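What follows is a set of structures for review.
Shared chain: subunit A. Partners: subunit B in the first complex, subunit C in the second.
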Partner chain A sequence: MNNYKPIAEIIESSTKSFVAQCYELYQAPKLGTFVQTRDDPSIVGVVYNVFTEPLDPSRRPIARGPFQNTQEKLYEDNPHLSLLFRTEVEVFILGYIDNSKKYKYESPLLPAKIHMGVSLLTKEEIVSFTENINFLELLIEGISTISEEIFSITIRTIASYRQDPEQFIFDSGKQLAGSFSHDQQKLILLLRKLGRGPING
Partner chain B sequence: MPFDFELITEKLQKAVKSIKSNTNSFNQRVLKLIDIYQTTELGFVEQKRTEGKHNWISAKFLDENSIYYEANKLPSDYRVIAVDGSHIDVDRHSPIKCVVLNIGTVIFTYGSEPQAILTNSPYTFIGDSEINIFDSSTTSRSPLQGNLMGVKRAVMELTNLADTLEQYADGIPTLALIDGSLILWSILGEQEFVIKELLQDQFLEQLNRIKNLAHQNVILASYLSYPDTSDVINALRICICNENCSNKNPCTEGCVLVNGIRDRDLFIKFLPDNARSALFESTSNVIEKYYNKGNEISFYYLRIFDEIARIELPSWVSNDPNLLQLSHSLIIDQCEKGMGYPVSIMESHEQAVINTNDRENFKMLLDRLLAEQGVNYNTSQKDRSKKFRWV
Partner chain C sequence: MDNLDLKQKIGVVVGGSLSSGLDIRLGSDYSIENLYVGDGITILGREKRFFGIISDIQLQSSDSSLRSFPPDSSDIFVTSILSGTSAFTILKISLQLAIPIENLSDDFEKLGVNESTFGPATTIPPHFSPVYRATNKDYIDIFGNEDAIHGWIGTPKGRSKDEIQINLDLEGLIKRSNGVFGKTGTGKTFLTRVLLSEIIKKDLGVNLIFDMHRDYSDVVYDESGKRISSLKQLFPSKVEVMSLGKSHDKGQIRPDAEIMISYNDLEVQDIEILGETLNLTSAGLLATHSLERFYGEKWLAKFLNMEPSEDGTNTNSLASAAKSTGQLYTVLHTLWRRLEILKKFEFLQDNPAEESIKRIFAALQRGKNVILDFGTHQSNETAYILVTTLITRRIYESWAEQNRQLIITIEEAHKFLNSEVASQTIFGTIAREMRKWKVTLLIVDQRPSGIDPEVLSQLGTKFIHQLEDNRDIDSILAGSSRDLKSVVSTLSPRQQALVIGHALPMPVVIDVRSNDTLTNFINPQKTDEDIQNIQNDNKDIFG
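Showing the complex of A and B:
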């Protein structure tokens, strides 16, 4: 496991997904990033949505006009702004790590607890978690939730950590072909998106 | 029963038409007053005011009245601390007499190390001893509700401001800003023991605590948006009125000319953007009778985003040219950041506000606690009829 450093905290939780509020405004993990909770069991998932919104939903931001300086200057001149908004991530659950430190590619039986910390997985941990192609089961099941685009981003991100990225994308495509043999249109769409190649960085 | 708008629309239409037809004459009177304001000598205004032949509350002119001032450059590092309050008044139908007060405080640091802190502090006043002001020499008491609760809130806001300033004052220019007035007008008419406790022992004590931080570059100011005050107009009125006139017996020279005109009507036409007026001093009865030396309240008007605001300052700020200038430039900056209204007051209000949900939750909490203790909650029939609407 990595040296645990939380970057966000769970504020909504279910057995399929959770929402975490980032500790720093705009400092969210990118789409397709693997994260884990410091819960027991530790739940592993992938970021499928990132958004920033006002803390108080009744106070909508209004445009400040083109006369404003750069974003950095705007936030320097108005330091309270960073306290009035929050950046959140939605995470789709791909499995969990059981008591014997084994990966389970299935939904946890209970959701993660509210206020649990969320940290990033290292490249090595991502490679380790995705070594078994079964990790794709929940991800493929969740395409309707996370969208075809996020599925593609996730696979192409994992591919970039592999020694043979093209092979990993090819293997994932084969799994897709099995799952979507009944829906050729969707399969072609997914394969076309995977065909964009690995995402580096 | 739906509200019948038809019944009130006709009267409203007439009122709106009369405003429109009076606008030209109103503007002409304002222009004439601006002319008088610019040409009347400072000494003459003060001479007429101190003659005391009229009893209108009129501003003491401390400056050349025709002058206005542009804002200076901002210091490289500065801080703004603002407070605001909100409260839940006593529910006289409830078996437990309780007031809830929430004070919002913001601390904004600008410059080389920008930082913001937003906090709020809730307080409760429960039971007879806490929700009444007692006269120690008699059995008299005044309940903290309505107007008096507003005064108590002003005291608590100033106390929180003084606490925060003592913690943060470190020599960098710090604007301590409150919403409203530094003049506790509303306490006039209360009994002397109430005035002594809330104004003399508490409010003025906090003003003194803040005054003691003047050497740390602390500037205390209050901000009144779109003020209804007429202190300057009243001073001009004294100069032009017939000496025998009064509010009951208005003269044709001054009284008719100033009728319905407030200070803001004059300064919105006189001041350029971001400029402040000359400095004045309030001659309110409450200040003359109770405020101690050094805490007399001066004020100027400020034009910002096509609005006039009244800025009130204790005399220890207005007597120091450096602090006075800083108050002007820092308040302009706050208004620019808040798109027309000081951002620190806006955010302290947001911290303080007890919204409808919170109020409902507070009532529910109280009901639950009473029920847990088996207290029979015999509310009034009137309260019940409002809570449970039925046909």
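Showing the complex of A and C:
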């Protein structure tokens, strides 16, 4: 368990993924960010969807018109607006930390609890988690859920934290090739996405 | 098996069969350009270790869409990931040997390298068995070291000659007939010289060499201009050079004797083998039988001394011969004209001074190797075929009681062993009879497709240099070695050969030992008398 501040709270939970509401509106971790639950065992996952929706799904926002000056002014002048929406993230589960503090690249057997806090992984923790190439197993399985674009963004983001980003992308590509022998054209598209290189910042 | 950890694994077994070769999937990080057809590999099965050679290399892909829509070659990232994963290399391996694993130990001398340790591969390793490139130690384990009966002939293709030597079982080699093949200029003579030199050096047998182009009796120069000693210079006391007739051009050597042949030595079958060379008609060949029947042993001398006249009253005319033998005049006339060439040979005489054939036989009996140098008759086909056949026949007929192994070396072997004549000539007989009378052949030829297939199948060991003609490659590999076709067609054009047969535990592609490494290193078991003889001979020759 780390001492990092939680930045979101789980509002939907399954053994494959969970949804967490961010404490700050619009202050969400970016796509491809690694997060973990503040639980025991701590579940590790990657953000694959970020969205903002109204608290009351039956009350959809109505456009206010082009007369306002700036976005900030709009929210300043109408503070109630901040209370009407929430920003959420969908997280795809990649594994968990077991009793002996080792990373397990498998699905947890039970989901995380609702209202459990979620915090970010540090750079060092991400590098450590992705040291073993097997972390890709669940990620590759989940491409149909998270989409090819997110897969690519995730790998490229991790690469930027590592000592040898190009080698990491290359190794991930090799692992991918092994799993996609049945669909070469899809593989080539995926590889082209990966070939864009590490994402910085 | 600690030495295996040091080896680099190159791939795993993924399919194939014993008859058509095993399929090895090359590992994704091993470069295909480090391997080539003919290279040796080992496979670690569960109970046996297998040895084989790469017989083919193929590129395949897991998905056919890669063939229709390959990635852009300038997209290095994509192509480098796909290469080795979705697009990969398959090696085809021709399996040769298998050893049970518990027999392997680092102390190989305890086992000895012999046939009871190694067996031909009669089964195959299971799926996914790891595959390694053969190490220097593997080669040494399989091919052994040089000793009294094993001689060094070359280095495996692509390996350093300071690290591995391929040693041939010379004793086993000479017990059967063998063949050296290859296109012109590929180095057949170089390899033959190595074999003969090793046999002579180790006293394993006695050689009778019909040297058509003066390759063995005189000094030659290799492509780099290096001087290669003749067999006579290497082994002065063990080699006798006899030249044919009074040759005026002797090169750098003084022959020990001149061969003279009497007309009476020639028999009908000797003329028959010249049928194609002299362009004799079949009627003419039949006529020779009648001539021999009528005129007896001295028929040929008599026939050649006749006059080509149609005058039936002249008892020495062809016409009267025609009447006596019941042949047509025209047939005899044509035959007479075609056989006239024999009169031009100075070595062929009615009553020669010495019995040369007896002399050759005596030398061989004493253990001396005999080289027949064709002197001015170099490249004269008729003389070569005639003399070689005659002398071989006589020596073979008399060799029955001998204990020594006699090896007869002939070049242009397809002239003596083509399908038409193979069943009738002495060479066909020797090739078929194998070990019966301790006489075997060493044939050198550039057209194996011109040799009777049955003779080819009787050869114990074949030394195959580069061949281009598909028919030649097919005939030389007929039988169990069909899968080695690519190996033969990828041989280097100079002094590289695929050696396959009884004298080796498994086939191997070798870079032939350079001829300037041939030595006359004296066998330590030589007697003082032998050494004295050698010194005397050296003095005679070199002063």
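Heads up, the rule we're going with is that the second predicted complex is superposed on the first by the 199 of 201 C-alpha atoms of A that agree within 3 Å, B and C clash if a C-alpha of one lies under 4 Å from a C-alpha of the other, contacts with A are read in each partner's own complex, and residues count from 1 in each chain.
We take it that a residue touches a chain if its C-beta (ideal position, glycine included) is under 8 Å from a C-beta of that chain, and two chains touch if they have at least 3 such contacts.
In this text the structure is predicted, and so the values were computed from the model without any measurement.
The superposition on subunit A brings subunit B alongside subunit C with room for both. Applying the stated contact rule after C-alpha superposition, one finds that A:K174 touches subunit C and leaves subunit B untouched.
Legend: residue contacts after superposition of the two complexes on their common chain; A:L187 is shown touching subunit C, with no touch to subunit B. By the touch criterion defined above, A:S128 reaches neither subunit B nor subunit C. With both structures placed on the common chain, the touch criterion links A:S14 to neither subunit B nor subunit C.
Of the two partner chains, subunit B is the only one that A:H80 touches; subunit C does not reach it.
Subunit B and subunit C, viewed from the C-alpha centre of subunit A in the overlaid structures, lie at an angle of 160 degrees when rounded to the nearest 10. When subunit A is checked against subunit B and against subunit C, the one touching more of its residues turns out to be C. In the superposition on chain A, no contact is made by A:N200 with either subunit B or subunit C. For the pair subunit B and subunit C, the least inter-chain C-alpha distance in the overlaid model is 52 Å. For subunit C in complex with subunit A, the residues that touch the partner chain are 28, 61-63, 65-66, 69, 71, 75, 77-78, 80-82, 84-86. Residue ranges on subunit A touching subunit C, taken from their complex, read 169-170, 173-174, 176-178, 180-185, 187-188, 191-192, 194-195. Of all residues in subunit B, only 106, 108-110, 114-116, 118, 337, 339, 343, 347, 350 touch subunit A in the complex they form.
Every residue of subunit A that touches subunit B in the complex is listed here, in rising order: 56, 59, 62, 64, 75-80, 82-84.
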